[in-house]
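You will see chain A twice below: alongside chain B first, and alongside chain C after that.
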Partner chain A sequence: MTANTQVARSGGRLWQGLSLQQKQVVWAWAFLAVPILFYGLIRFYPTVEAFVISTTNWNLMSSPSFVGLANFKRLMADPVFWQVFRNTFLYLLIGTPVSLVLAFTIAYHLDRVRFMHGFIRALYFLPFLTTATAMAWVWRWFYQPVPIGLINDVISSLGFSQQPFLRSTTQALPAVLAPAIWAGLGFQVVIFLAGLRAIPTTYYEAARIDGVSDFAILRKITLPLLKPTIIFLVVFSSIGFLRIFDQVYNMTSGDPGGPLNATKPLVLMIYQTAFSSFDMGYAAAQTVVLFLVLLCVSLLQLRLLRDR
Partner chain B sequence: MRGFRGLVLGVLMSVGAIAGARAQAVEIEYWQYVFDARIKAMNELIKRFEAANPGIKVKHTTFPYADYQTKIAAAVPAGQGPDVVQLYYGWLDNFVGAKFIQPLPRDAFPHDVIEKEFYPIVQTMKRDGEYYGLPTAVRTLALFYNKKLFQEAGLDPNKPPQTLDEYLEAAKKTVKRDAAGNMLSAGAVIDMPGQDLHWWREVLLRQMGGKPYSDDNKTVVYDSEAGAKALNWYADLQRVHKVGQAGFMDEGQAAFRAGRAAMTVDGSFRLGAFGGIKNFEWGVAELPASADGKRSNFASYWVNAITAKPTGAKLEATKKFMAFTTSPEAMQVWLDMVGELPARKAAAETEKNLSHPIYGPFLKALNYSQATVFVDELAQRQVGLDMANRVFIQNQDAKASLAEAAKAEQAILDRFYKK
Partner chain C sequence: MTGSSLMQRFAPGRVIVWLLLLAGGLLMLTPLLFMFSTSLKDSADIYDLRLIPAAPTLDNYKTVLSDGRFLRWFWNSLAIATIVTLSNVFFDSLVGYTLAKFQFRGRYLVFLAILSTLMIPTEMLVIPWYVMAKNFGWLDSYWGIMFPGMMTAFGTFLMKQFFETVPNDFLEAARVDGLNEFAIFWRIALPLVTPALSALAIFTFLSNWTAFIWPLIVTTSKELYTLPVGLASFAVESQIQWELIMTGAALATIPTLAVFLLLQRYIVRGVVLAGLKG
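Presenting the complex of A and B:
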C-alpha cells in the first residue's frame, strides 16, 4: 500500500516537474494515441498479418503451415494473374487520364458559366452519390443486345450491326470503365472548380491587360497554379481505378470478371481466391502484390508531380 | 421409416422426462443461408419437431449466402456456431477435412437403410465408409418450354421435344429474328453461367458416350471425342443453327420469364421464380434423350450435417432433429413449401407426385441423375465458362478448347487431392 502511494506521489511529482510546454506535448500524445492505436489495430496489424499469411497455405478451415514463397511462385506462373495484372493497369492507364481531362474540361467551362451554375454542377455530381451497384446494373442493361439494350437498339435502328460490349474480350473492359469514369466525374469536377476558384483573379486581370491569349493563360497561369489539385486528383483517382471492383463485379456477375477474364481486376481475383476458393494464402500473396503496386504507383506519381 | 421410429422414440422419451424437464430443455442450433422459402419451411419443420419433442429447443440462425461459409469457418473452430449445419454437397470435402462435421452416428442412420431408401446420388456424401450428411431435398434439371411460343410456331403445346433432334427442330421453328438478323426471341436458351454447364457436363457429354471425370473423380476425362461432339452440338445451336445466343436478354431465365425464349434448361429451384409468370403458359418436360434413347441428368442438393460440437445429450437431440429433417414428413413439407424434390424414393415417387405435370419430369430424372463431385465449385465452373467462351467468342476449335479446359481443371483437382 505504501508502495502504491509512493508511486502515485512520485508520479505526481514527475508531472509537477514538467514545464507547461512539455505537459502540452504529453496531452497531445495522449489524445493522438487513441487514433494511432485504432489505426494500428485495424490497418497496420492486418497488413502485417497479410504478409504472414501470404507465406502459408491456409484454406480457412485447416491450420496454416509455412510454405515460404510458394504462393508467389505460383502467382508468377499463373497466366490468369498476368491477364488480371494487365487489366488492372489498363483501368489505371485509360481511366485516370480520360477522367481527368474530361473533368478539367467540364470544370474549366463550367467555371465561366453563371447561368444555372449550381444546377449544372449538381447534375454532374449526382452520379457520384448513386450506389455503384445500382448504377452498374443500369449500365449492364444499356449494353445488352437487342431487344432490351438501349445502346444496341440505337445502333441497329441506325442500320449498323450490334456490338457485343460485355460479351466481347476486347470491348468489355472499356464498357465497364465508362460508368466508373462517369461516376467519379462529379467529384473531380467539384475539386477542379474549387481549385480554379482558389486562383487569385488578379493574375488573370494582369494577363488580360497585357493582352495574353486565352490558351496562354490556360498554359501559363491556370494549369501551373492547379498543380496541387491535379496531384491530388491523379493520386486519388489512380488508387480508385487500381481498386475497381463494384462495377466489374456487378456488370459481369454471371461470369465474374467478364468473358475469359477480360475485365477481371486484381481486387476481384483476390476476392474470388479468398472467398470462393478459400485459398487464403494465395489470396494474401495477391494482396501483397496489390499493396506493393499501389505503393509504387503512389510514390512514383508524387515524385513525378512534385514541385521542383 | 427410421425417421418415424426415431420420432416415436423421441416422443416417448420426452413424455417420460416431461415432469420438470422443461427447465433443462436442450437447445440446439441450426444454421442455413438466407433463402426465403427455405427459412419458412425450416421454421415449419422446427415447429413440428418441437411439438413432438418438448424437451428440445431448436434455434434457427441464417446468414446471407455470400458470408455463409466464412461464418461457419470462423465459428466452428472457436467452439461456437451450429450443432446441425446445412451445407452444399460440393463443400463436403473441405468440411470433412477440417473436421467441422462428424460422421452420422450409425445407430440413428444405419447405412443399409440410407442406401435402400434414399436416391443413389447421396452416395457422394460417403467418405471412408461413413456418411457425413443427408439431404432433405434434391434438385434436378428439366426442360422448361413456353406453350404460347410453341403454339405460335405451329407446334403442339402438349408435345414437348423428347430427343435432342426434336429439341433442335423445335428451336428452329420457334426462334424469331428481325430483318437485320437480330434475335428477338430465342428458340433455345444458351446460358453457360446458368445451368447449361451442368447440362453439358453431366448430360450431353454422357449422351454422346463420354464422361466428365474418372471413377475416383481425381482425373478429368472429358477431353475426348465425345467431349468434342457434345461441345460442338451445343455450340452449333448458336454458331450454325442460330437458335440461341449467349447473353441474349442478359440471362437465360430472364429471357424465358419475359416470354422471349421458347425453351430453357433449368432446375427445379427455378419453379418459384417461374411460378410468377402471368403472360403465358409454360410446361416442363424431361431433358431430351439422345437418338439412342439415353437419358441423364444433373442432381444437386444441400445436406444437413452434425458438426463436431455436440456431445452427450445435445448429440442425442441433434440425432433426433436430423432424423426428423430427413423424414418423409419433412420432405413433403419441403416439396410443398420450397418446391424441392424429396430425397427418399418412397416419399418422392408417390402416385400423386409422379403424375404431377411439373414435379413429375424432375422426379423421373432422379433415377438417372449424376451429382458432380466438386473440389472448388466456382473455380471449376470458371474453367467451364472459359471453355465455352473460347468457342463462342474466339471461334476456337472445340477440341483445342476442351484440351485447355481439361488441363486447367486437372490442376485444380491435383492441388486439392495432393493435400
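Presenting the complex of A and C:
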C-alpha cells in the first residue's frame, strides 16, 4: 500500500492519467506483492529444492554431491522402508473406515436427538481440541502394565490376562492409532451433522408418506445426498492418517517407531533420517515418496467416490 | 403436543439410543477425566485408579510450574499462535479479496498457483525450510517457528469463497465516495465476512497451538520450545512420574478447553464452516 501511495505522489500525474481499470490492476498487484513473494520463497522454491535434494548425497556439513536416483534405489532395497510403507497404509486402511463408520453412526443418531443435543455433541467434540502430544502421553499411561495402566487394570479385574499393547509388535500399531481416531472423531461427527442438516426435510416427509422404511431412507436418500460430505471426510482423514506423527513420536519415544519398527510411519522415518542421521538426500527422497503417495491416494479416492 | 408424538418421543427405542449416545460421549471424555484426576493425585496415590482422588492436591501443579519452564512454553505457544493467526487473517483475506473482486490478467494463474500448494505436504518442505532457516540464522527463534505458516492456501481459498458473496454494489458505492481500494477492503468488505474470519482464526490458532513437528525441528534451546515440544521433552525427562506428566498434559489442554466452554457455539460453527468451505 505504501509503495502505491508513493507511486501516486511522485508520479502523481502518471497515476492521474491511469484509467479506473488500470488503477485497479495496480492495486491488485500491490495487494498481491508480499503474498507472491511469500508463496514463491516459502512454498514453491522449497518444493523444487526438495526434489533437488532428493537427488543428492548431503549431510548438511559438506557440499551436496549429485547421485541421481541412487537414493530412490536405496529406498527400494531398504527393508525398513517397506515395513514403514506397510505401517503407513495400515494407519490409513484401519483409521479411515473405523473413524468414518463410528462418526457417521454417532451423527446419524445424534441428528434425531433433541434432548441435550448440544451437550452430547460437545462431549464428542472436546477431544478434537486437545493437543496430540499431551493426549499421546495420557494414552501411553493407559497402556502401561498392571499397577499403573488403566486399561490393563480393567482387563485383569475382569479376569482376562494383561495385554502388552505398546510393547507388542502386533498390538502397538492399533494402540497408537486409537488416540488419533479418538481425537479426530468429533470433527467428523460435527461435519456429518452439518451435512445431515443440509438435506431438505421434505425428502424425508415424502418418503415417510410413501411408507418407506428407515433403512431404505438411509440407503436411498441420506447416504447419496451425503456424498460430498463423505468424499470430503474420506480424503481429509486419509491424508491425516498417512501423515501421522505426533502420536507415534510421543507414544514410542525411547524406542522411536515401536518394537521392530512396528509403529513407524513414513513421517517418523523422514524425521529420523533428516534430523537424527542428517542424511538429507535420503530423507528428501522419502518426502518425495510421501508426496506421491498422498497425491495418488487423493486422486484415486476422488475418482472412485465421484464415479459411484 | 399430541399423545402420539409424546409416545414417539419417549419410545423405548429412542431412549436407548439416547442413553447409548450419552454413554459414548462420556467414554470419549475418559482420557481427559483421568488425566485431570491423576494430576490431582499424590505420587503414592496414582496406583489407586479411582476417578475421584482420595486426597486431591495441587502439589503436582506447584512442582511443574515452580521452575517457570511451563509458563515460558505457554507464552511462546500463545505468542506464536496469535501472531501467525493475525498474519493469516490479514493476508489470506487480502489475497482472497483480491482474487474474488479484482479483474486483471493473471488472476486465475495466481489463484491456481496458490491452490496448487495445497497438494504439497508440509513434511516435504521441512528439509528445505530447515536449510533455509539455517542459512538465514532463523533456527531457534520465534520467526523460525512462525515463518512457514504466515499465509495458507486453505485460508486464502476460504476467504475468496466468502468475498465472492459480497455484492459488488457495496464496493462500487464506496468507490464513488472516494475511498481508496485498501480502505474499501478494510472498512467495507472485511466487516461483511466476520463469520469466515472467525472460522479462519479459530482453525489457524488451534493448528498452531497444537503444532508439533516443525517447532520440534527448528528449536534446540528449551527457552524457545512451544508447549507441545516442551511437554514432550518434559515427559521424557520424568518418564516414571506419571502424575507430573499428567499435570503437564493437563496444563497444555486446559486453555483450549476453557476457550471452548466459553465460545462453544462459535467454535463448532467455525470448524464446520472452515471444514465445508475450505
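Keep in mind that, in the parts below, the second predicted complex is superposed on the first by the 268 of 308 C-alpha atoms of A that agree within 3 Å, B and C clash if a C-alpha of one lies under 4 Å from a C-alpha of the other, contacts with A are read in each partner's own complex, and residues count from 1 in each chain.
Going forward, contacts are C-beta pairs under 8 Å (C-beta built on N, C-alpha and C of every residue); 3 or more make two chains touch, one makes a residue touch a chain.
Keep in mind it's a predicted model, so treat the numbers as computed, not measured.
Student: May I ask you to decide whether A:Ile36 touches chain B, chain C, both, or neither, giving the answer as first, second, both or neither?
Tutor: Only chain C is touched by A:Ile36; chain B is not.
Student: Classify the contacts of A:Trp182 with the two partner chains as first (chain B alone), second (chain C alone), both, or neither.
Tutor: Only chain C; A:Trp182 stays clear of chain B.
Student: Should A:Met61 be classified as contacting the first partner (chain B), the second (chain C), both, or neither?
Tutor: A:Met61 sits against chain B, while chain C stays out of touch.
Student: Examine A:Phe115 and indicate which partner it touches, taking first as chain B and second as chain C; both and neither are also allowed.
Tutor: second
Student: Taking the superposition on A as described, I'd like to know which of chain B and chain C A:Gly254 touches: first, second, both or neither.
Tutor: After superposing on A, A:Gly254 lies in contact with both chain B and chain C.
Student: Of the two partner chains, chain B (first) and chain C (second), which one does A:Ala28 touch, if any: first, second, both, or neither?
Tutor: Second partner only.
Student: Looking at A:Phe275 after the superposition, I want to know if it touches chain B, chain C, both of them or none. Which is it: first, second, both, neither?
Tutor: After superposition on chain A, A:Phe275 lies in contact with both partners, chain B and chain C.
Student: Considering only touches as defined above, state whether A:Ile148 meets chain B (first), chain C (second), both or neither.
Tutor: Both: A:Ile148 reaches chain B and chain C.
Student: Which partner reaches more residues of chain A, chain B or chain C?
Tutor: Between chain B and chain C, the winner on chain A residue contacts is C.
Student: Tell me which partner A:Ser168 touches in the superposition: chain B (first), chain C (second), both or neither.
Tutor: In the superposition, A:Ser168 contacts chain B only.
Student: Once the two structures are superposed, pull the chain A residues common to the chain B and chain C interfaces.
Tutor: In chain A, positions 60, 141, 144, 147-148, 254, 275 sit in both the chain B and chain C interfaces.
Student: Chain C touches which residues of chain A in the complex?
Tutor: Residues of chain A touching chain C: 1, 21, 23-25, 27-29, 31-32, 34-36, 38-39, 42-47, 49-50, 53, 60, 106, 109-110, 112-113, 115-116, 118, 120-135, 137-139, 141-142, 144, 147-148, 150, 153, 179, 182, 185-187, 190-191, 194, 229, 232, 236, 239, 243, 245-246, 249-250, 253-254, 267, 270-271, 274-275, 280, 283-284, 287-288, 290-291, 294-295, 298.
Student: Help me check something: in the complex, which residues belonging to chain B touch chain A?
Tutor: Answer in residue numbers: 66, 69-70, 73, 77, 94-95, 97-98, 100, 178, 180, 182-184, 191-194, 245-251, 260, 376-379, 382, 385-386, 389-390, 393-394.
Student: Using the touch rule from the top, collect the residues of chain C that touch chain A in their complex.
Tutor: Result: residues 14, 17-18, 20-22, 24-26, 28-29, 31-32, 34-35, 38, 46-47, 49, 91, 94-95, 97-98, 102-105, 107, 110, 113-114, 117, 119-121, 123-132, 134, 147-148, 150-151, 156, 181-182, 185, 206, 209-210, 212-213, 216-217, 227-229, 231-232, 235-236, 239, 242, 245-246, 248-250, 252-253, 256-257, 260, 264, 267-268, 271-272, 275-276 of chain C touch chain A.
Student: Spell out the part of chain A that touches chain B in their complex, as residue ranges.
Tutor: Touching chain B: residues 59-62, 140-141, 144-148, 156, 159, 161-162, 164, 166-169, 254-255, 259-261, 272, 275-278 of chain A.
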